[in-house]
Every structure is written in structure tokens, then in C-alpha cells.
Amino acid sequence: MTDTLRIDGRTNDELRPITIERGWSEQAEGSALISYGRTRVLCTASFTNGVPRWMAGKGKGWVTAEYSMLPRSTNSRMDRESVKGKVGGRTHEISRLVGRSLRAVVDMKALGENTIVLDCDVLQADGGTRTAAITGAYVALADALAWGRDKKFIAQKAQPLTDSVSAVSVGIIGGVPMLDLAYTEDVRADTDMNVVVTGRGKFVEVQGTAEAAPFDRSELDTLLDLALAGAITLTEFQNAALEA
Amino acid sequence: MTDTLRIDGRTNDELRPITIERGWSEQAEGSALISYGRTRVLCTASFTNGVPRWMAGKGKGWVTAEYSMLPRSTNSRMDRESVKGKVGGRTHEISRLVGRSLRAVVDMKALGENTIVLDCDVLQADGGTRTAAITGAYVALADALAWGRDKKFIAQKAQPLTDSVSAVSVGIIGGVPMLDLAYTEDVRADTDMNVVVTGRGKFVEVQGTAEAAPFDRSELDTLLDLALAGAITLTEFQNAALEA
Amino acid sequence: MTDTLRIDGRTNDELRPITIERGWSEQAEGSALISYGRTRVLCTASFTNGVPRWMAGKGKGWVTAEYSMLPRSTNSRMDRESVKGKVGGRTHEISRLVGRSLRAVVDMKALGENTIVLDCDVLQADGGTRTAAITGAYVALADALAWGRDKKFIAQKAQPLTDSVSAVSVGIIGGVPMLDLAYTEDVRADTDMNVVVTGRGKFVEVQGTAEAAPFDRSELDTLLDLALAGAITLTEFQNAALEA
Amino acid sequence: MTDTLRIDGRTNDELRPITIERGWSEQAEGSALISYGRTRVLCTASFTNGVPRWMAGKGKGWVTAEYSMLPRSTNSRMDRESVKGKVGGRTHEISRLVGRSLRAVVDMKALGENTIVLDCDVLQADGGTRTAAITGAYVALADALAWGRDKKFIAQKAQPLTDSVSAVSVGIIGGVPMLDLAYTEDVRADTDMNVVVTGRGKFVEVQGTAEAAPFDRSELDTLLDLALAGAITLTEFQNAALEA
Amino acid sequence: MTDTLRIDGRTNDELRPITIERGWSEQAEGSALISYGRTRVLCTASFTNGVPRWMAGKGKGWVTAEYSMLPRSTNSRMDRESVKGKVGGRTHEISRLVGRSLRAVVDMKALGENTIVLDCDVLQADGGTRTAAITGAYVALADALAWGRDKKFIAQKAQPLTDSVSAVSVGIIGGVPMLDLAYTEDVRADTDMNVVVTGRGKFVEVQGTAEAAPFDRSELDTLLDLALAGAITLTEFQNAALEA
Amino acid sequence: MTDTLRIDGRTNDELRPITIERGWSEQAEGSALISYGRTRVLCTASFTNGVPRWMAGKGKGWVTAEYSMLPRSTNSRMDRESVKGKVGGRTHEISRLVGRSLRAVVDMKALGENTIVLDCDVLQADGGTRTAAITGAYVALADALAWGRDKKFIAQKAQPLTDSVSAVSVGIIGGVPMLDLAYTEDVRADTDMNVVVTGRGKFVEVQGTAEAAPFDRSELDTLLDLALAGAITLTEFQNAALEA
């Protein structure tokens, strides 16, 4: 891989500085303030004993997520979706992605009839907000599950987490595949892909989009290699945060 | 590939019966009623000379799409989104996917300051509605572009279409990769992937989701092979319809 | 009555070509794709055992309807009501009219505690969409009732249908009363009337509106004559479809 | 006609006590508090010089109406439509009816590029609110037009009003046709009809609905006779109010 | 206090003419049409036996309020909130104020499991609409409580009303403190304060806002003196209405 | 004043620990992350050159505010207002309060035709969120004004800030007046008051509410004394942050 110098001096296969402040919120059952460079997402996990009525009596739990951006998380202010009176398509789409990604590593039987809502609020946005949301939400989720076990809402022997999960973006810019795109890189990308990977290295989601030019099989392969390598590092950050 | 007999007798790499009724709508500038088996989607293309104010003066056009399901297109009736007062997350997500997929084969400079809206209304749903929508919308789009050229809204020498585009779903069911899932297959899939491919065989979108179990690199590769082969056949159906 | 030649060569008391494709939808308990000339409406009937909570325990059923137009059913594209976030006045008004018209021929006691929702989606609009919706919805309703009887949700001796029902528009154009107005006729009409009539020739709804000039008693009488005659023919089409 | 004694002692062809307090609102350009028995509707007419942008430059004006009920105008409290976040079907339908009815007696060319909004707010409801709204709105409209002429927004020679307009309900209860139904009569009616009539006795709207039993031609004729007679009296009340 | 002559000839510590028409609505359990000069508010109280599900079983009642303005209550027409599809901030804020103010004089235990909704609809607005709403709502509330006792929904010995409550605005205009501002005064005020006071002279709400210039402690004291004096007179009007 | 020990050991006239992290957001023209104990509010100021169309050409600017709470800022999760599709009454009310409070210290002529939007997002809530929002928003506003002057959008000699502004809550709990209520204190308060004060010690807003028991004049006086003293300290924190 060519080693084009990126705007912030990173190599093409290098993540931005990652930090995870576990337990940032004192009110939630689990929380993490995660940053991928300047991108900062506050992830909280809310644990509720019980499930929605339509799910009750099946001995299974539920995990869902909501993603949102503060109006001035971005470079120019956006109108609030609450003021516009509806949730936009992009917000909906990312909320669904985050929810699916976390559910992929939860055994709903082991969770029992409990509900966890993951809120991912972007405080500052500089590209990769959905991937940071997934990586941070996993840490919040793990703590909320520990809380639920402590409170006896989850059986002592149950293992609701089947794996860990993290996410990262990759893309092709000027013909060069790169890992973890910052906003200025993202807008110039020909192809942009978000990859959600488990701690064991399996895929949960692969979402590749040709923004400017369709991509071929070999480009796809290179992007997946970059993403899998990045996910290994992200998993280490998650583990370090959870062991702290 | 194992040749498990599917519910409708297809082999694993076989598409359902495909039909495209071009010009089904007499009002739109382009239209197609497409069916993938029992899935039927009415696609219309509405051509408007001019672009939204915020785009004006740049010499470029715009293509967008809206996807929707009739309330009783499905096996049990769904509430109308107009009655609920908001467009759901899934609808938003698919509308955005269809729009991006079609824009990937349009040269906006060659389109000039014209707007095309693609409406994809699912009349009957049996799995793969979003992929049928994309494949059908391409036919409607092609006719709307021809109409625009006829009316001199598009320059005679301009070539707004850079390629054709079609889409198909693939998935892994009981460990077996299969092409073009019907609804009953889709709900049993461990992994579900929608792949949008150009006529020249490049990827526009790859959206793979582990519904039940994360998937590995070799499974991903097999699914992509199936999708690329299916896309070749779909392209032939599109060409046949447009030449009719 | 003067025999002015109409745009499509019809006489003033002549309906457009009527077709009814019964069972067009394979998912609904009853369905019909009806056309009055170029106007095409897909009518489905969804049968649910049980009634809304507020009606339960009274031994009576409920029939309701929703009407909607596809955005490009018309000559120029309309915004979707789901996207606008609210159902418009005209849509509401027609949905209510269709529901009332069908309820007029249903004995709710004989229906028992079952609910039928009639969805009338206009695929192509060329005037008279609400009247086609009513005529087609009757066919879908009849099939859904037969389905309910088959499934034993309706008592074997019960006769929920007390009569059939159809509808047609009439109007005065340039002083001349005409039957079944096409869109180009409708916009030029001084007076426009929608008449819903039972198979036995009684009125269910008479909705006359002076679009351009108030009308007198004798004009009203002539319009009612035209409508009653048209309804006889429409009833024959319904019966033919149901006997097929 | 049989002279069944009605709950309030009226004969079948008798209106309830009618009062019109012209100028009840001190802020509007025209206003009337009208009562049909216990039904009370506050009608205001708001005159604006100019028309919406899409109508400008055609030398024509516009008249529109909005109808609404106070939440406790009825016997049991209804939720406010503002709180529910949407205007209901019945409200929409009546607003449209009131607007059409008043436009039927306005010459838009003579009105010139001016807009009049008629607000009809039901303060107390006891049946016939839409008909009282139309009759009262005419008085408010007449005053608003006079105001517009005074302010020179309407040309001195222009005659925007081509006629007067009033409305009344009629219905068949227990086989007996009756004029101006109170709420307790309305709920028992087999057939209910709202008739909008000009001062010269021509029909503007005829909206008959078989609530319980389809009606035949001779019943329709009797109802129209009753309505036309009632309209003559209502016109006298309007004239008296405007001459006061 | 300087005795500047006000636009309507009042002294600075003088209320506008106050009238209270108790029982104006024949449908509600309690009602009052109150006027503060040209400001007219129709207040109704709707009594329901029972409380919302989330409150049931605690032996306590609930009182809530909704405030709204008719579109042409003001000098220029406002759009309806039902048509805009949402309740505005000002409306929400005043509804909450009215509810809190009335709850301050109700003993919820003595009320028992009953709900009272106070609707305050401004028919004509000339400043002070929220204060007139509170003063009038108290009269409607008192009658609804009497009705509830009559119907045995409230225990015979229970005393739900702990005091009476009224409200008035005060403000500083051109440096001069004044009582009960009319609209033209309100728009010129440097400081505007709404004060809600019980019959025994205690404060329920004090809401002072520096519209144009921050105010000091002595100005605040003078305004509170004016408001307390005004409240004594308003209480007398309330008592007179309730004794009539 | 009695020195009751409060839950966190404070005296009755003592603020919670106050911190102001100026410039927390790297994207906004001004920002501050403020905390009053565990209450944390992220305040950003967005500066736009120009004003809304309806204000243009008057040489004056505009300052507005939006307040919102993250769904899990509180002890139990709240639904998002964007998902509910409307902004609640409390949110509206506080947004309006914050906007008015800041406008009270801005000279709109000196600001020139520029717009500043203050977003106050509560990341963690433990009582006093609206007062922390006002105090923090002032710091963000001051920085945004400095930015505007740097960019020459504000004239060099203009002094848009006429004073500073801060806010604090006071209340009576168990008969004892206290400063800066934490959440557990707030819910037990008989009376709750929010006071907005300028740096020079004048009132901008006084909003006192009898939550449980009406309050008398001397209680009001004691609360105002506490608030004025607290505001002096808050002003010092603001100045310290702005001088850092």
C-alpha cells in the first residue's frame, strides 16, 4: 500500500487517536464518551427490566439504539430534528445500523426479558460518527449488562454477550484505500465503506457505497483488509476500557 | 454449490421469473412494472426541466427516488405512512439506496439542469422489493432520459447514462448461499445481502447484514459471486425491455 | 339529450370502457384492479377477525376504507402525503366517502365481530377515481366476505351483504349533462356530481357541487337520471366479475 | 307532510330559532355570531389585500374557509386537533365545503387581487354546525367586502357578490322528512342531507348520505323541497342582519 | 403613584371593565365567558369521573388546562395551530401556567379520582388573555366541582377547593407602573409581569420579564403592590358571579 | 438563616461546585461546557452573518436559543422529542426563557445584521438545568461576539454586550429557603423560583411557582436575596472563564 501522507499525518492504514471515557454519565447503567480524533460520541445504555408488551412471555430480551447529532456538532449548524418534527432518513438509517450491530453480539435468550436502549449522541462530528457510535455503544452495553447481572435481572450463569463488536470506515480517495476517514477525507472519497466486525474477526455489516465511481472486486478486497486490521486495534481499546 | 431444492423448485443460483412491462403508466415520462416472482413494483420516472433553487446555476441535474409499499402489498396489512404521519426508517433507508444506486450511473453534467424523480411503489411484496425497485427504476429512468432528449431539455450529444444498473439479493440459509431470496427465505436467512451492480459488472452498493450469525470472508466471497452472476441476467432483461 | 361528440367519441350517456381484474393481488382476502378508461384503481380488502377494542362485545363488525393516489398517477407528479407528514383534505374526504358507501350495503350484525379494511390505491388517474374506487372495492369486499365465511369467521347462515353498490360521476359541461367524466371533462364542468347507487337502484350518496355555476332543479333531475342508468351497467360488470 | 311533534315542539318544516349577531368580533373586517337553536358558530372574515404568490398577476381574488370546533362545544369533550397534531377528516371536509359554498357567490375578477379567509369556530354544537357556518360566513363575508370597498382595495363599480348563500340540513327520521335537524335528531336519521342554496334558489351543494338506509328518488325530492323552503327563511335572516 | 391618563382613561391602578357570564356554555359542567375590557375568553370545565391509568388507585384527582386563541381573535389573523400541525411554544407555556395556577387551589385528595380539564379559548384578544383565562377558569372550575358533588363523584364532606385564584398583569411603561395592560400598552412595556394570587392574598405565580430594560428591586415591589390590589377586586367579581 | 445541612453538605446559601470549560466544542464560534454540581450543559453559539428575511434591512441582529435534554441525561430515560415528532411544552418554555435572558444583555443595533443561535444541550441533569444553560450560554455568546468582531461582521466600535447575565434557582424546602436546588431538593420544594440577573444586579426574569403551597411576600423577599447573592458568584465564574 502506498504511504500517502494524510492531512493529519497518518498513514493510510492508521486509525485516528482513539479514547474511551467509560462511565462518563453518572445516571446511565452503562456509558462511554468515545472519540475517534475530533469525532466525539456520548453513548449511554439504559437497562429496563421487562420488554415491550408484544414481546412479553417469550423469555427473550431486546436491544435497540438511537443515534442523533447535536445541532452544532458539525461545522455549520443543522436544524434540530425535534424542531423539524421528524427524524431524517440518515438518522433513522444509522440508528437501525447501530441497533443491528449490537444485537449481533447479544444472545437474547441469555439476556432474558430485559430491554436495553443505546443512545449515541454525537457531541462533535468529524467523520466516522456511526462507527464511533457502535464501538462506544459496545462498552456502554457491556457495563449495562454487568449492572443487570448485579441487580439479578440477568441470571448468574447467563452469558448475554457472545462476542464484542466494533466498527470503522474505510474508503478510496484519489485511488488510494484508506482507513478511518476524517470528514474532509470522506467528502472526497470515491467509495466509502462502513464495516462492523466482531472481536473474533467476523463481519456483522458491510456497507459499501460508490459515492463517485463504482468499485471492482479487488478494491473491495483491499478495503475489507484495512477494516479488519483496524477492528483488531479498536477491540483492544474496548478491552482496555472495560478492564480499567 | 449444493443444489438444495428451494420452495419454488429453483436452484440456489437461479433468479425467480423476471418480467418488465415497460411503459405501464401512460402519464409518466418513463415507467416499468417489474416483477421478481410475486414481487411487483411499479416504477415511474418524472422528468422536470430545472433543478431545486439551491442547485441552480451549476449546470448539473439531480436524480432522486422514493420507495413505498401499498398497505396490503404484504401478507398482513400495514398502516399507511401517510396516516401515521411519518415515513418509517426502513422506507427512508430504501428510498436513499434507490436514489444513490441510480445516480451512480448518471452523469449529472450531461443531464443538465433537469430533475428526475423515481417513484417505486410496491404493489405486491414477496421479498427483494428494493432490488426489484432498482432494476425497474433503471428502465423508467432510461425512458425518461430519452423523453428529455426528445423535448430538447437534454443536449443532443450529451450521454447522461454512463452504464446500466440492476440489483439482487443474496443470502445464506441453513448454511447454503442462495440468489434472489423470496420472503419466506429471507426471514430464515442467517445473512442477507443486497448488491447493486452496473452493467459492466462493478459494484455500486454492497450491503451485507448478519441477521442471525456473523459471516466470514469466504461466505462473503461466495455471496458476491452469486450476485454478480444474477446481475448479468437482470441486465439482459433490462436491455430486452428497452429494445422492445 | 343532445348527442355532442365527446373527446373520446362517447355519447353523453355512455360509460368509458370498464374492466375489472378480480383477484389481482395474491396477498389480500379480496382484490380487484378496476379501470374506468385510463383511470386504474387497485382495491384490496383486508379481513381481520375481531374488532377494535372500543367496539368489542357488541356482536357487530366494522368496514372502513382508505383512498390514496400514487404520486405519479397524475399528469404531473404530486408530493407523497407520507412525505408531507399529513393526509390532505381531499384524500380524507374520499376515504370517508368510500367507507360510508360500502358500509351502506353491509349488515354489521351479520358480519359479526370482524373488521374489513378496503384500500383503494389509484395507480393511474384520469377522472372518476373515487367512483371507480367504490365500484372496485365492492368486488374486493364481496370476495373478502366469502373468504371470511370459508374460514368460519362469519356464520354460515349470515348474509352480511344486503345489496351491491357502485358509483359514477355525472356533470354539466357547456350546458350539456354527461356521464362518467374523464379528467379533461371534469375540469371544464359547471357542475359535478358523484352518485353512489345500490344494485336495487337506491341512492347511498348524492354529492353535487356547483363548480362554476349554481344548478337548478331540472338540471339536478337530468343528472340523477344519467347516473342511475350508468349504475345499472356498472352493476352488470361487478356481477360478471364475481361470477367469473 | 305529517306533523309529528318534534322534541322541541317544532313542526317538521320549521327551522330552530335563528339569531345573527353581526359584528360580534371587533377585530375582524366582518363577523357574525350565528345560532341555529343551541348551535352557535362564530364566523369571522379576514380581508387581506393581495393573493398568494402562485395566484398573483391574474387579476383575480381568493376566498377560503376554515371550520373548527372548540373541544367542549360538544356534550363530551373532544381532543384538540392542534394537540393531536393533525386536522381530522371531518374538519377538512367541512372546511372545504364552506369554502366552495362561499366561492360560488363571489365573482373572483370583481374581487380583484384580494384574499378573504372565513373562520367558522363552533362555540356550541347541537347539530347543523356546518350549515350554520355557511349561513353566518355569508354575513361576515358581505361585511368584509364592504370594508374592502371602503378601503379602496375593491373597485367602486365592482360587484364581487353575485348572490347570497345559506345552508340547512334535512333528513328522514323514522320515515318522516324533517328540516334543520338538532343533534338528537341527526343521530337517529336514516338519511341526512346538507343543502346549500343561493338567495335566488339555485343549488350550490347537495350532499345526501344514507346513514342507515338507502333512499329513493321520491324521498330525495321531498327533502329538496324542505331545504329550499328553509333557505328562503334563512335568506331573510341574513338580509335583516345586513340591513340592521 | 403618578396618575398618567391611560389611552382608555383609566388610572394606573385601575382594572379594565370586568364581566363574567357564568354558565355561557350549556354543554360543559362549568363555564364562564370572561372579559377584561375587549379581551374575551370562553372558559369551560369538563368533569370526568376517573383519572388517567397511570394515576389510578392513588385516591387522587387531576386538573389540567388548555389555552388557545381563535385565529382571528387578534388584529391580524394567525394561522391555526391545528393546521400548522403543532402547538406553539407560547400556547404550551400558557396552558401549563393556567393548569398550575388552578391546581394550586385544589386539594387532589379531596377531589378524589376525578379529572377536570379547563379549556380557555380566547375569542377576542386585547392583552392579558392568560390572566383572564385563569380568573375565568376558576369560576368554571368551581361550578364543575359543584356538579361533581351533586353527581356524588365527590364525597359530600370533601372540600376540594382550598382557596380561590385570580390573575392580572402589571408592567412598567415609560417608567410608570400600571395595572392590567391592554395590548397597546403591553407592546410598549419595559417590563411585564403576570401575577397569580389566591383569594387570601398569597402568590401562586410571579412571572416578571424585562422586555426592554432589566428592572430593580423597588420596581419589582411596586408592581407586586399593584397586582395584589387588583387581585382583591378580581376576587370580588368571581364571588359575585358564583353567588348569582 | 438557619444552617440546615443539605444532602451534599452545602449551607443554604451555597452554590454547588461550578465549572466552566470554555471552548469545549471546536466547531462552534463560541462554546462552554458548564456544570452546576452534577448538572452538565453543553452550550454552543453559532454566529451567522445576516438575519432572517423578515428582519432584513433594519440594521438589527437577532439572538435566539434552543434547549434540549439528551434522553439519558436524567435518571430514567426519556423518549426523544425528535422521535415523538414534537417539542414538548417544557422544552419550548425553557428555550424561550434562555433566548429572552440573553437578548436582555445584547444591543441588537450594535450587533448589526447578524444572527446568533445558542444551543444548550443538557448532557447530565441534576436540577437547575435551565439556569446553568443561561449562565453557560452567556460565555458562549461572548466568544461568538468576539469571533464576529474578528471577522469584521461586527463594527469595531460597536459594543453589543450591555451587561453579563447569569441565572440560579432558589426554593423553599420544608420551610427553609435554599440556593441552587439539586434535583432531589427540587422535587421536595414547596416553592421554586428561577431568577435571571445581570452582572450589575438587575432582574431580567423572576419566575416563581408555588409547587405545593402559595408563598407570601416575605418568603418572596428572602428568595430574591439568596438569588442575588448567588448571581454575584456566578458572574465571577463567568468572568474568570472569559479571562482565561
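In order of appearance the chains are A, B, C, D, E and F, and numbering begins at 1 in each one.
By definition in this document, a residue touches a chain if its C-beta (ideal position, glycine included) is under 8 Å from a C-beta of that chain, and two chains touch if they have at least 3 such contacts.
Remember, it's a predicted structure, so these values are computed and weren't measured experimentally.
S.K.: Counting one step per pair of touching chains, how far is chain F from chain E at the shortest?
M.R.: Shortest path length, in steps: 1.
S.K.: What angle, rounded to the nearest 5°, describes the rotation that places the Cα atoms of chain B on chain D?
M.R.: Going from chain B to chain D via C-alpha fit gives 120 degrees.
S.K.: Based only on mean CA positions, could you tell me how far chain C sits from chain F in angstrom?
M.R.: Between these chains, centre-to-centre, one finds 59 Å.
S.K.: Based only on mean CA positions, could you tell me how far chain C sits from chain D in angstrom?
M.R.: 28
S.K.: Return the residues of chain D touching two or more other chains; collapse runs of consecutive numbers into ranges.
M.R.: Within chain D, the residues that touch at least two other chains are 85-87.
S.K.: Going by the defined touches, start at chain D, step to chain E, and keep going round the ring. Which chains appear, in sequence?
M.R.: Read from chain D toward chain E, the cyclic arrangement is D, E, F, A, B, C.
S.K.: Quick check on the complex: what are the chain F residues that touch chain E?
M.R.: 86-90, 92-93, 95-96, 100, 104, 163, 193, 198, 200-210, 214-217, 220, 224
S.K.: Considering the complex alone, what residue numbers of chain E touch chain D?
M.R.: Residues of chain E touching chain D: 25-28, 31, 38, 42, 44, 46, 48, 66, 68, 70-77, 80-87, 91, 117, 119, 121, 123-125.
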